[in-house]
Structures are given as structure tokens and as C-alpha cells.
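Take a look at these structures.
Shared between the two complexes below is chain A, which pairs with chain B and chain C, respectively.
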Partner chain A sequence: MSLDVVLFTAIASAIAFSALAVVFSRNIVRSALWLLFTLIGVSLLYFLLGAEFVGATQLIVYVGGTMVLVVFGVMLTAQQQFLKIRIRPQEWLVAGILASALFVLLVTTSFHLGEGKNSPPAEPMPGSGPLGVGFLTQYLLPFEIISVHLLVVLIGAAYLARAKRRPGGNRD
Partner chain B sequence: MKDLFSFLPVPFDLIAYCVAAGVICISFIAAMASIFVWLERKVSGRIQDRLGPTRLGFWGLPQMIADAVKLLTKEDFAPDVADKFLFKLAPYLAFCASFIAFVSLPFGNGIVGHELNVAAFFILAVLSSEVFGVILAGYASGSKWSLFGGIREAAQVVSYEVPRSMCVLIPVIVAGTLNLNTIGKQQTGFFWEWNLFHDPFTFVAFFIFFIVATASCKRAPFDLAEAESELVAGFHTEYSGLRWSIFFMAEYASMFAVSGAASLLFLGGWHSGLAPFELSEQWGWVGHGLNVVVFVSKTSLLVIVMMWIRWSLPRLRIDQVMMTCLKYFLPISCVLLLGVCVWELFVPNSIETGWRFLSAFVCAALVFGLIFRLLTAPLTMPRGELPGAWKGVATPLMNSKA
Partner chain C sequence: MFPTPSFVERVSTDLQRDLLAFLPELILCATIVALLLARLVTPLSRKHLGSFALLASGCALAFAICFWPERSAPIGSVPLSGNVEGFSSLLVFDTFGLYLRVFLLVFLCCSLWLSLLTGIPDAEDSADYYTLVIGGILGMMLMASANHLLMAFVAVEMASVPSYALAGFLKGRRQGSEAALKYVVYGASASGVMLYGISLLAGTFGTGSMPLISRAVAVASLGEGPTLPVLAGSICILIGLGFKLSAVPFHFWCPDVFSGAAAEVGAFLSVASKAAALALTARFLFVFSGSSRTGPDDLSGSALALGWAFMAAVTATFGNLAALAQTNIKRMLAYSTIAHAGIMMMALVAVGPRSVGPLLYYISGYLLMNLGAFAIVALVRNRTGSENLDAFRGLIRRAPLLAVGMSIFLLSLLGMPPLVGFAAKFQVFAVLYETGRDLGGHDGMIAWVYFGLLVVAALNTAISAGYYLKLVKVMTLEDPADPSPIRVSIGSGALVSILAGLVLAAGVFWNPLTQYANRASQSFDLAPKFEKPAKIPKDAVRPAIGPKGKIK
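The block that comes next holds the complex of A and B.
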């Protein structure tokens, strides 16, 4: 058994454990913390595959994102300290059906993933250079669409968060 | 570096290398942190006209051992209302983030835990997640002062991350790579080869990066998260003993990491700037050793400047902190980013070389002039007179008879 397999097993089981903990913890901040560990684990998988740029991007985007999630979890939802989530039985039912359907789908796809490709690709993963050139040449349109989309989201967020002005002129 | 353990069978050489690199990094961080804590007390003492620790040994140096023993033997407790699990986890999260940055920080030509092709990006990503530990500490303590500190820290770090990344991009555009080892190698030679003197934009970008990095390490004047005049002690109000000291180890480690990134990106990394060749290629292991010494002293000098700033400037207010970032540093770094692109595209080589020599020699002259003035300045002043910039300013004692 090679080192890669051992490392993959360790990281994947850590990801699975923390993903389960996200679902099963009742405290909103704790489940955000477990989500953080899951996302860090996924970025470790990228590093293990040699995709350094994607791994670092995963860290900067999702770890930062989870941090904001925690801040909002504390500030906006918690009426008292350490809020607990209560789940009704019908929510368990709907979520369970959806989750098991997704699980079956993922398992059936992942068993067909390696078909037809017996050996791993010989060339290493492209670094940030080829990725950037690709964004600005072959994939320019999708890249621009996503950029404009993000810009719209940013402006919308700034609009929602701005200080409201009353017709009377006084600032809120 | 990876072939050091090549005498071992295949998977074990890598494991042995990883363990060795980790142990070296952790002991380096711990040693540097205790030295910096001692140095911080000495620097603050000098600036406030006191002596700092003096009781123990030579210059009070064993004080750092005494500090460590004190922190280790303090009682480790958590408040009743705290979320115990998160409370205990938070310092380690903060420390892990700044420790992992050292994995891809080259200390010399190839002296690096793992040479990442995206090292500059990776260090930014990892260091910005240090704030997670702080926020969790603030939340889990179950104290409103801690929570205020944590939320302030979140707001501050999220905003300062943007100009910091932009300032990192500026030397990266000049270098054309994110690999810190390659960026360091490109600056081989005399000190005018450093990225700092490449063009006016990188010159300004260094100072902006340094200020923003100070803010993202939550150092004064940006230490709103632990403003003791308003928030008791901010996010670490409820911490004591070892866990508290781990927060500070993380803070000093991330100070060292950002200063290391600054010296690699702008100040020539491990090159002393006094030799026209790469030392490690000419002199082998002696050169590697000299490189590490140069890098560590350069970076420590930047850390000392951070301490100097901390004890010289008063703390900003939270709205001033946010305004400095969003209204000043963000537009300035955008302009610098555009400017460096234009410079790279349109400015001919002759002007670039001219600027290199001009800025490098003016800076060197300024530094030497300053050192000369410092060394020749009188150590004591006559009664009633003030030294330095305040020379000649009237004081109440000036006209009275001594």
C-alpha cells in the first residue's frame, strides 16, 4: 500500500467524520466549525492530487466564507447564547429522502468514474499560469459572465447593507 | 532538501523528512516567540524610558524562561458559561494557521518545507484563517467583551485581506511567478536588484503591504481585538496560562511569517545585497547557512519595526481602522496594481535601470545618514533640554536655574 493511499484514507475518513458531525451537531457554531474542517480536508485532497492552486483557492475562499458564516450565525440567529437547532420529524423525512437519493447518485457515478482510463495522466496538473491563460483566452466568456455575476452580487450586498436614508433627510 | 533522507526506503524517506521539517519549524517558532516576547519588553522599555527586564542574568535574557515557566504553571480554567470544546480548541486553531504558513516559507535557496508553486497565494490563504481561532475564542468564552473583540477582529481582517492580497500581487506581477523560492532567486545580486527598487509602485507597495500586514496580525495601532482600554482584554479575556500563551505564540509566528513574506517579495529574501552571486551555489552548505542567517535577521528586523510602531503610535478607533483600510489602502493598492502593469508594459529598460540605481542609492544614503546621526547623537542632554526632533523646544525647566 503506497503512502498516497494511506494519506487518502486518513484524509477521506476525517472528511467523512466531520461532514457527519456538521449534520449531527445541534449547535450552529459547532456545525460551522465542523464544516470548516470538512472544507480544509477537501483542500488537503486537492493538495494530495497535486492541484496546488485549487487547494489554496479552496482554503482562501471557503475558509474565509465559513468564517463569515460563523460571524453571521452568532450575530443574526442567536437570540440567546449558544443556540440549539431543533428539527421536526417531517424535516428529518424530507432531508433523509433527498440525502439518500443524492448518495445513491454519487455512489453509482463514482463507480463508473475510472472506466476506460487505466493509467493516470502522465503530465502534471497545470499550474496557475496555464489556468490564467485559459481564463483569458479559451474560457473568456464564462469567466466574464461569472465576474459580472459576482459584481452584481457585491453591489446588491452593498445596497442591502447601506445606511438607510429617510425622506426627511436624517440618517438612520 | 527532500533527498536528505534518501538512504531510507521509499515511503519512509518522505515521512522522515516531513517529521524533521515539522519539528524544526515548531521549535523555531517556539524559540523565536520567546525571544520576541523578551525583545518586546526590552523595546517597550526603551521607548517608554525604562529598562525592561533586568533582574535575571545578562540583559534579563533568562526572563524568557521565567515567563515560560510562569505560563506553564498557571491554572488552566474555563468559565462556567463557556462552550468548553470550542474554548479549548480555539488557541490551537489560531496556532495551526500560522504554523502551516511556515511550510512554504523559504528560509534560503531551497531551504523550505515544501516548495509550492503557489507559495505566495498559499501563505496569504493560510494566514487569513488565523482569525478563525480568534473569533471562536471570542464566541466560546461566553463573555461579551470577548465576543466584541472577536467580531471586531473579523471585520478588520476581512477588510484588510483585500489590500494585502493586492500588495502581494504587485511584486508577483514583476516576478511573473507565485513561487516564493523563484521570486527570491530572481533578486540575486547587489541590493538594487531587490524588487523594492524595481519601480516606484513596488517601492510604495512595500510600505502599504507592511502596514496592512501589521493590521492583519492585529498588532497595535490596529489591535482593536484586544483593546484593553475598552474591552478588558478583548478575545483573550477569559484565557490564562498555556492557552493564552499559544495565542501569543500564534501572533508572533504570524508576525514572523508576514515579515518573511515581505522580505522575500520586496527585500531580496535571503540575499544580503552585498554579494553579486548566489551564496549557496558558490559555497555550498556555508552559503546555505549564511542565507538562513541573513533571512532570519532581515525578517527579525521587520518584526522589531512592528514593535517600534506598536509602542510609538496610539491605538486607532474602530471606525478609523475601517476607514484607513477601505478609503485609503484599498484605492492606493488598486492604483499601484494598475501602475505596475502599465510600467511593466510600456516603460523602457533604460528608465527602469535608472530608477533602480537612483532609488537604491538614495535609500542607502538615507539609511547610512540615519545610522550615523544615531551613533553620533549625544547620549545625554543638558538639564531642561529635549533631544532629537524636539531640540530647542521650550520646556518649563529650560529657563530655571539648575
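The block that comes next holds the complex of A and C.
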């Protein structure tokens, strides 16, 4: 067994364990914290694949930014009745069936991935240089249009979060 | 690693051409920013920004019309069949996409006009509302011309996320917040499933470009057929699109969201969002029907078509049956939307230029009649404060114009001649019949699928008469509980009359709109050709991001 396989097994099982812990913890703050470990594990997987840029982005954006916001959000909104999640048996049943169907589908398909291809590409993943050039040439449109999207979404979020100054204002 | 000067020059010439073709979208982007900046200027900070948004969208519409293929085309020229790829083939400019772009902008203008008339949003929230609506339309325009799975996903998200916020736009109402939350949760899971599908496809083919995938699928179909990842991936993507289309069994969000959100938002979701989702589905199914045209005995194309046909039939039937029991008009219209989505999905079972033309006609007619119906619901809500069936009781005595307009829209939704709804349904039925008849020669089983769909569609029209005519009866024959007349402003009267007039006119004179729609569908005619699949270039299945692939 090569080092790659050993590392992958260790990281993947850690990810799987923490992901299960996210689902099974009753306390919402604990769920949020377990999610942190899942995201760190995913970034380690990227590093293992040689995609340093994606791994670093995952660490900075998800672990550093999003997760802090999630934890803050959870702590600010977790009032007494929301702190513990109660799940009814029928919800377990429906969610369990759907999730296991998706799981079976993904597992069976991933064993067929790469069929008919001989070897993985020997070329190393592009570093930040080619990626940056790619963002400004070939993938310019999504790179730029997402900024418009984020702006719109930001405004939507701010609208939903802010209080109405004059309730029932002057409607025509 | 660093680009050479000649490379930079080529990129910038390409970019100039692409940006010119992208002008309507750029105008919308600029409008969004301008709406935000307007709030910083003191004299404008309390103004209602609706007229500005309307003006800007009108501008975008004018430019979009200018780029119509047969006019002088700054893009170079968009050929009638086939296409021009832009933005390093992430987007595609073809007649189909240009038609839908014009369509979406027309809808945007109408919907902004409606929002000015009904007073949702008020002056304080206007910047937010218009930003969300324009942002959503921008995403839908990208959906209609996506040529790459990455772009398709970004566009779907751009169209969806503003819709979630719009669903909860009426704040302080429990129903609205519930609708928004449900929409977000369902939408996020649907996006997740779609993303699984996209990554499976991109992983299998080593590229996200839809033409390349189409070619690879065609090649594979000559051999052992599509592999499991390809099938699973395409099913996952269709699930995500089915959610946007509110196809059964992914429709749960639709009635709740429509009854919780304002009627104006309902119109936005039911017309624009459906149109964009259908456009993307058409493009996507076309990629996969690349395989079915190589040989009649191909399984994957027909299996996919079979599943899609079944989903369409169930969607139409379920929508109509559920609508029969509704007393809230918006909820009824939500189920009616599901039913119409089912009929439109039927048109897509046979993907090709023949079925896309009727689909475009249907979408355009649906804009007129459904926007009209939602507009009247909004106007009646403003005057009576209710959206239930009772508010419409005896409407003919209280507001004759609204009652007559609503009756026209409902009869058109039902599919009565000589209204646009009839023309639309007739064309879809005709496509189903013709395809079934043509296939009858060499593939009897599939032919019966089309005839079966035809029967289901006809039955559905009969069922839908139940609730459309009930509402017409309630409006015209019953006595109002409160006989006081409802005042209709001149602008509202004008909007309703124009829409009703267009419903009637487009139903009597089909030809102009049908011609445009059929011409737009030509871009599905010749796009990929598979005469000699052996000559597929090796780089058709090459990793999208590779160090060598970056700078050609």
C-alpha cells in the first residue's frame, strides 16, 4: 500500500465520521463544529490530489470564512427551542430512504468512473499561475458574472434580514 | 506560464465581439449597480425606482431586438441554423437563445410595469425588489444560452437564489417566510443533486462543454452505449431541472411558494423561470438525443425519452387534478402552472427543430395569458385584500374590465379557440401526432408513447375545464357579496387590455409568432452532425483544465 492510499483512507474516514456526526448530533452548535472538521478534511483531500490552490481556497473560504459565520449565526439564533434538533421517526424514514438511494447511486456509479481509460493523467495540476490566466481568459465570463450574482444575493439577504422601517408603508 | 502578446491580442478581439453581443446583459448588470448607487444619493434615496428600472430594461430589450439574426448583426452573423460560440465557447449565440433573450426581456418589462401599477414593492423596498428581479432575469438569460455545464450551473443558481428572496419578499407574513424557507431548502437540495450530475458528466468526459459531450455521447452510442456514470449524471441533472420546472415528483414547493409569495412574484416564477428551465432542458436533452439520431434502435435516447414522457404525463395530470380542489386563486394558478409545465415538457419528448418551435410559441403565449391572470389577481387583491375565490364572486358587476380580461386569460389557459392558448396547445398536439406517425413505421412502441401522450394531453385539457370554467362562472354568474364597484386605474386597465388583446390577436393570427418561433428552432437543426463519428478529434475528451489546455 502506497502512502497515498494510507493517507487517503485516513482522511476519508475522518471526513465520513465527522459528516455522520454532523447529522447525528442533536445539539446544533456541535453539528456546526463537526462540519468544520468535514470541511478541513475535504481541503486535505485536495492537497493530497495535488490541487494546492483549491485546497487553500477551501481552507480560506469555507473553514475560515463561512464556518465562522455559520457558528456565529447558529449561536445568535439558537434560542432555547432551536438548540436541540428533534427528528420524528417518519422524517428519519423518508430522509433515510432518499439518502441511501442517492448513496447507492453514487457508490455504484463511482465504481464505473474512469472505465475504459488506462491511466490517470500524468501532468500535475495547474498551479495558481495558469489558473489565474484561465480566470481572465477562458473562464472570464463565469468569473465576472458571479460577482454580479453575489451582489444581487447580498442585497437579497440584507433585505430579508433588515427590519421594515415603516410597517405597512404607503402602498398604493 | 504568462501569455504572449499575440495571445492577449486575440483574446481581446474575441472579447470585444462577445461583449458587444452580450450588451443587453451588460445593461442589466449596470442597472443593478445603478439601482444600488441611487440609494446613496439623497434626492433619490426615497424615490420609487420602478420607472428607472423599466427604462433600463426597455433599453436592454431594444438592444436585444437589434441583435436579431436577420438584422445587421454586430456579433458577426448568427446563422439561422447552427450557432456562434462566445466567451471561449461557454455561451452560445443562436436564434433559439436570441429568441428567448427577447422573450425574457419582454417579460421583464411587463412585470416591471405591473409592479409599478400594483405598488409592490413600495418606494422604500423598490431598489431591493428590482435588483432581485433583474438579477434573476440575468441568470435566466444565461440559462437560455449556456453552452457549458459550468455556465449552466452558475446560471441556474443566478436564477434561483434571487427567486428564494423574492418568495419571501412580503415580510412579516408567516406564509411568505414559510414559502421562502421551503423554496430554499428544496432548491438547495435540487442544486446539490444537479451538481452531482454535472460532476459525473464532466468527470467522465473530461470536459463540461456541451457540444463536446454531445459528440462523445454519440460516439459512445455506436459502441456499447452510455456508461452508468453518464446515465446517472444525466438523470441527476434532469432532476435538478425538473425541480425548476416543478415537474412531479419535484413539485412540492410550487403551491406553497405561489400562495405565500405576492402574485407579481408568482408571475415571475411561473413564466420566466419556467421558460428558462425549459430552454436549458431543451439544450440538455438535445445533447443527449445526439445519440438517438445515429440509429433508431438506440436504447439510451429512447429510455431517456420514455422516462421524460412519463414524467410529463404525470405532471400534467397531477397538476390539473390538484387544481380542481383549490379555493385560493394563487394556489389554483400554481397547480395550473404545474399542468402547463407538463404539456410543455411533452413537446420536448421529441427534441428537434420540429418540437422546439411549438414549445417557443407555447412559452410566448403562456407569458401573455399567465402574466395577465396573475396581474388581475394582484389588482383584485389590492382592492379587496383577498386572493380567494370569494373575492372574485360577481366580479363582472364590480369591475367588468377585470372580469372580462380574467375570463379571456382563463379561457386561453384552458385552450379555447380563437385564443393564443388554443394555438399553442394545437401546435404541441400536432407535433406529438406527427412524431408518432413518423415513428410508426420503424419503431411501433415509441410511436405509441407519442399517441399515449396525445391522449393524456387531451384528457388533461378536459379536466382543466373544471377549474378554469368554475372561476369564470363564479365571476360572471354569481352575485357579489359586496356589490361596491372596484376602481381600476387607467394604467392597470391599459395593461390588462393590452395583454388580453394580444392573447386574442396572437390566437387569431398565429403566423407571425409561429414563424419567429420556427425560425428560432432552426438552431436545433444542424448543430452537431454525426455522419462519421470515427473522425472525432482526439481532444474531444480532454481534461478541461490542463496546463496545456489553458493557452492555445
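What we mean here is this: the second predicted complex is superposed on the first by the 142 of 172 C-alpha atoms of A that agree within 3 Å, B and C clash if a C-alpha of one lies under 4 Å from a C-alpha of the other, contacts with A are read in each partner's own complex, and residues count from 1 in each chain.
The working rule: a contact is a pair of C-beta atoms (placed from the backbone, for glycine too) under 8 Å apart; a residue touches a chain by one contact, two chains touch by 3 or more.
Just so it is clear, the structure is predicted and the values come from calculations on it, not from any experiment.
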item: Chain B versus chain C as contact partner of A:Val152, first or second or both or neither; value: second
item: Touching partner for A:Asn27 - first (chain B), second (chain C), both, neither; value: first
item: Partner contacting more residues of chain A (chain B vs chain C); value: C
item: Contacts of A:Gly64 with chain B and chain C, given as first, second, both or neither; value: first
item: Touching partner for A:Leu3 - first (chain B), second (chain C), both, neither; value: first
item: Chain B versus chain C as contact partner of A:Glu52, first or second or both or neither; value: first
item: Touching both chain B and chain C, residues of chain A; value: none
item: For the chain C and chain A complex, residues of the former touching the latter; value: 1-3, 11, 15, 29, 32-33, 36, 87-88, 90-91, 118-120, 122-125, 127-128, 131-132, 134-136, 138-139, 142, 150-151, 154, 157-158, 161-162, 164-166, 168-169, 171-172, 180, 193, 196, 200, 203-204, 227-229, 232-233, 382, 543, 545-548, 550-551
item: Partner chain B, residues of chain A touching it in the complex; value: 2-3, 27, 29-30, 33, 36, 52-53, 56-57, 59-60, 63-64, 66-68, 70-71, 74-75, 81-82, 127-128
item: Touching residues on chain A, where the partner in the complex is chain C; value: 102, 105-106, 108-110, 112-113, 115-116, 121, 123-124, 126, 129-131, 133-134, 137-142, 145-146, 148-149, 151-153, 155-160, 164-167, 169-172
item: Contact footprint of chain A on chain B as seen in their complex; value: 11, 14-15, 81, 83, 85-86, 89, 116-118, 121-122, 124-126, 128-129, 131-132, 135-136, 139-140, 142, 147, 151, 154, 158, 161, 178
